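The next part holds the structures, each set out as structure tokens.
Each of the two complexes below includes subunit A, the first together with subunit B, the second together with subunit C.
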Partner chain A sequence: MQKYRYCLTIILLIYSASAFALPEITITIRDHLFYPSEVLVPSGQKIKLVFINQDPTPEEIDSFELNREKVVFGNAKANVYIGPLEEGEYHFFGEFHPSSAVGKVIVISPEAYANAY
Partner chain B sequence: MISRQSLLIFAVTMLISGIAAAQERRSNNVVDKIYHPYVLPLEQEFEWRIMSRQNDEGNALVQRVSFGHSIDNRLTLQAYLVGDRDETDEFGLVAYELEARWMLTEQGKYFADWGALFEIEKEHQEDSWEFTTGILVEKEFGRSSVTSNYLMVYKFGNLVDNSFHSEFRLQYRYRFIPEIQPAIELYTAEDFVGLGPSFMGIHRFEAQKQIKWELGFIAGLNGDSKDHTLRASLEFEF
Partner chain C sequence: MLINTVILFLRDALPIFVLLSLLRVYVGTPWIQLSLGFAVGILLAAVVVLNQHIISQWAFGAGYELLKSLTLICAYLMSAWLVINNRSGAFWLAGVVVAIFVVPRSAEFSVFVVGFWFQKDALIPIVLGTTLGLGICISVAILLDVVLGGVKRLYLVRLSFSLFIAGQVANVVLLLQQIDWLADPGPLWNMSAFVSDESEYGHLLKVLIGYEAAPSSYYLSTLFFALLLPFVSRAIRLSSQRHKISNLENQT
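Let's look at the complex of A and B:
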């Protein structure tokens, strides 16, 4: 039994390792708009997008290009994990306010990202 | 980037699961739906599914209609009515089913995304039950996704011999455009191994209102002279 517990712990650590200390980018939802509406991220790296919804109503983040759907309740926050991504632009929008709540993730090379910051 | 070691672990896990499922040898209609390990709150849906299997024994037709509703961020419940065509070619209600899907990990947070499935099915007016549970795993590779379902099924009741078997389903999907996403699906269980193409897509109307469709044609590879299954489903989410 002890052996199985040990193996399970190792497996969980391996599978969980990628989630530790991910770079975070915060996007605020206010008046059904994203602030900022464009974010730069480095390619080839997993990123945690933290959506903080300051509106009282929920919003659903949707992106076919990022392959993500996530509901952010009103006056709450939610995390969306993306990547590793290739260089390019990946659009996302708010399903409940698709005409106003639009944004994009711009993926650039790690070198260009380092120079940008 | 995905490490070679991670890919190897994933491939070996899938292979072992598939072999384990294929070693169970009994008959059933296994071509059905491949479940994804994701749950969205505030979502409810109507679904219609059809499976038409043609083999040397004739044609088997099964249809399901269901209503599903998410309970919270990670759990969704779905209730089904199941109908099929009997030996006299009459189509009617044969079973009820309640299904729970539980999202175990956040999408994209770990190497792969994990979920669990629990289903209880009772035959209409008969003491015949089926309990299914299993693990749903999805891994994303750029625009491609690989989804696997490893399911264990226990049949029990006064009218059936209590028995246990397992099923394995695997889907490779390429996210071409939202409306058209081609895929390849593998089904193994009991005396059936099936492989074939499928297509799926999604069309959004407004807010959370969207329709999802799936169409697959699975050919049996288990030696029967003729064995193929057409499967289709429509989901309306709102």
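Let's look at the complex of A and C:
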């Protein structure tokens, strides 16, 4: 029993460590708009996008290019992991407000990313 | 809001209607079992919607994806059983498949409807969009029922059913990648120039055969094995049955 506990602890630690180490970008949803609407990320790296919905109504983040689909409930937050991605632009939108809630992830080389920040 | 409601309805409801049609044609399930399964699914979805905030926060915010993955895998395994074994008389199992499959789909649509129901300017477009979406879904389901019902070769119906369930369970890969439970190796190719995911054909093919314009190797291998598994298992079962019969004949 003790052996299994150790194994489980190690698995959880490894899982948590990888999650904590990921670069994180926060995008706020307010009045059915994304802030910022464009985010720069480095290529070849996994990224954690944190969506914070400040509206009382839910929003569904959808991206055909990123192959992601996630509901963010009203006054709540949600995480979406993307990448590693090749350089380019990847659009995403709010499925419930597709005309206003639009944004894009711009993937640039790690060197360009380092220069930008 | 009107067009949006129709699109959401097609995305979430069309797979349910296709499943109902396929189960009716392939298993010959009476409407009573399918309707009961549907009703149970809606009730379970209501429980999910009422507890949506709690569920979505499970496992560091991965709860909803895990719930959806679990329901898709359960529905797939039960559907695969229908392909592997003798399908006649498994009406209640077909009902259970419907109930499980309906939960995440209707919960997703309910989040949209419940979220906007109380906005006075959103009610009419939602009702109209739901009516239009429902009409399209029913039309596709009837068309599928008529086309597959007229097919004389049963293996074609079995293949259609297997393709559908494999396409649905392959979505688990995308869900697990989204919550970082599975690595994303990137797309193998991109066919968006021919049939993009956001096009009408893309939506329809996604529902029917799990089409992805830019699939990853994980997605494709899951789709392939999910399609192959019931057929291989069925072949093994039939072969062992034939073996037993020939042994009995030799003994007598």
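We adopt the following convention: the second predicted complex is superposed on the first by the 97 of 117 C-alpha atoms of A that agree within 3 Å, B and C clash if a C-alpha of one lies under 4 Å from a C-alpha of the other, contacts with A are read in each partner's own complex, and residues count from 1 in each chain.
To be clear about the criterion, contacts are C-beta pairs under 8 Å (C-beta built on N, C-alpha and C of every residue); 3 or more make two chains touch, one makes a residue touch a chain.
These numbers were taken from a predicted model, which means no experiment stands behind them.
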Clash-or-fit label for the pair subunit B, subunit C on subunit A: clash
Subunit B versus subunit C as contact partner of A:Pro23, first or second or both or neither: neither
First, second, both or neither for A:Pro36, with subunit B first and subunit C second: neither
Touched partner set for A:Pro58, first subunit B, second subunit C, both or neither: both
Which of subunit B and subunit C A:Lys46 touches, first, second, both or neither: both
First (subunit B), second (subunit C), both or neither touched by A:Arg68: both
First (subunit B), second (subunit C), both or neither touched by A:Pro110: neither
Touching partner for A:Glu95 - first (subunit B), second (subunit C), both, neither: both
Subunit B and subunit C contact sites that coincide on subunit A, given as residue numbers: 18-19, 46, 58, 60, 64, 67-71, 73, 79-84, 86, 95-96, 98
Complex contact set, residues of subunit A against subunit B: 14-16, 18-19, 44, 46, 58, 60, 64, 67-71, 73, 79-84, 86, 95-96, 98
Subunit A-facing residues of subunit B, complex: 1-2, 9, 38, 40-42, 73, 106-112, 140, 142, 145, 175, 177-178, 204, 206-208
Complex interface listing, subunit A residues touching subunit C: 18-19, 22, 46, 48, 57-58, 60, 64-65, 67-71, 73-74, 76-86, 95-96, 98
Parts of subunit C lying in touch with subunit A, wherever the complex brings them together: 4, 8, 52-53, 56, 60-61, 64-65, 108, 111-112, 115-116, 119, 174, 177-180, 184, 186, 196-198, 212-214
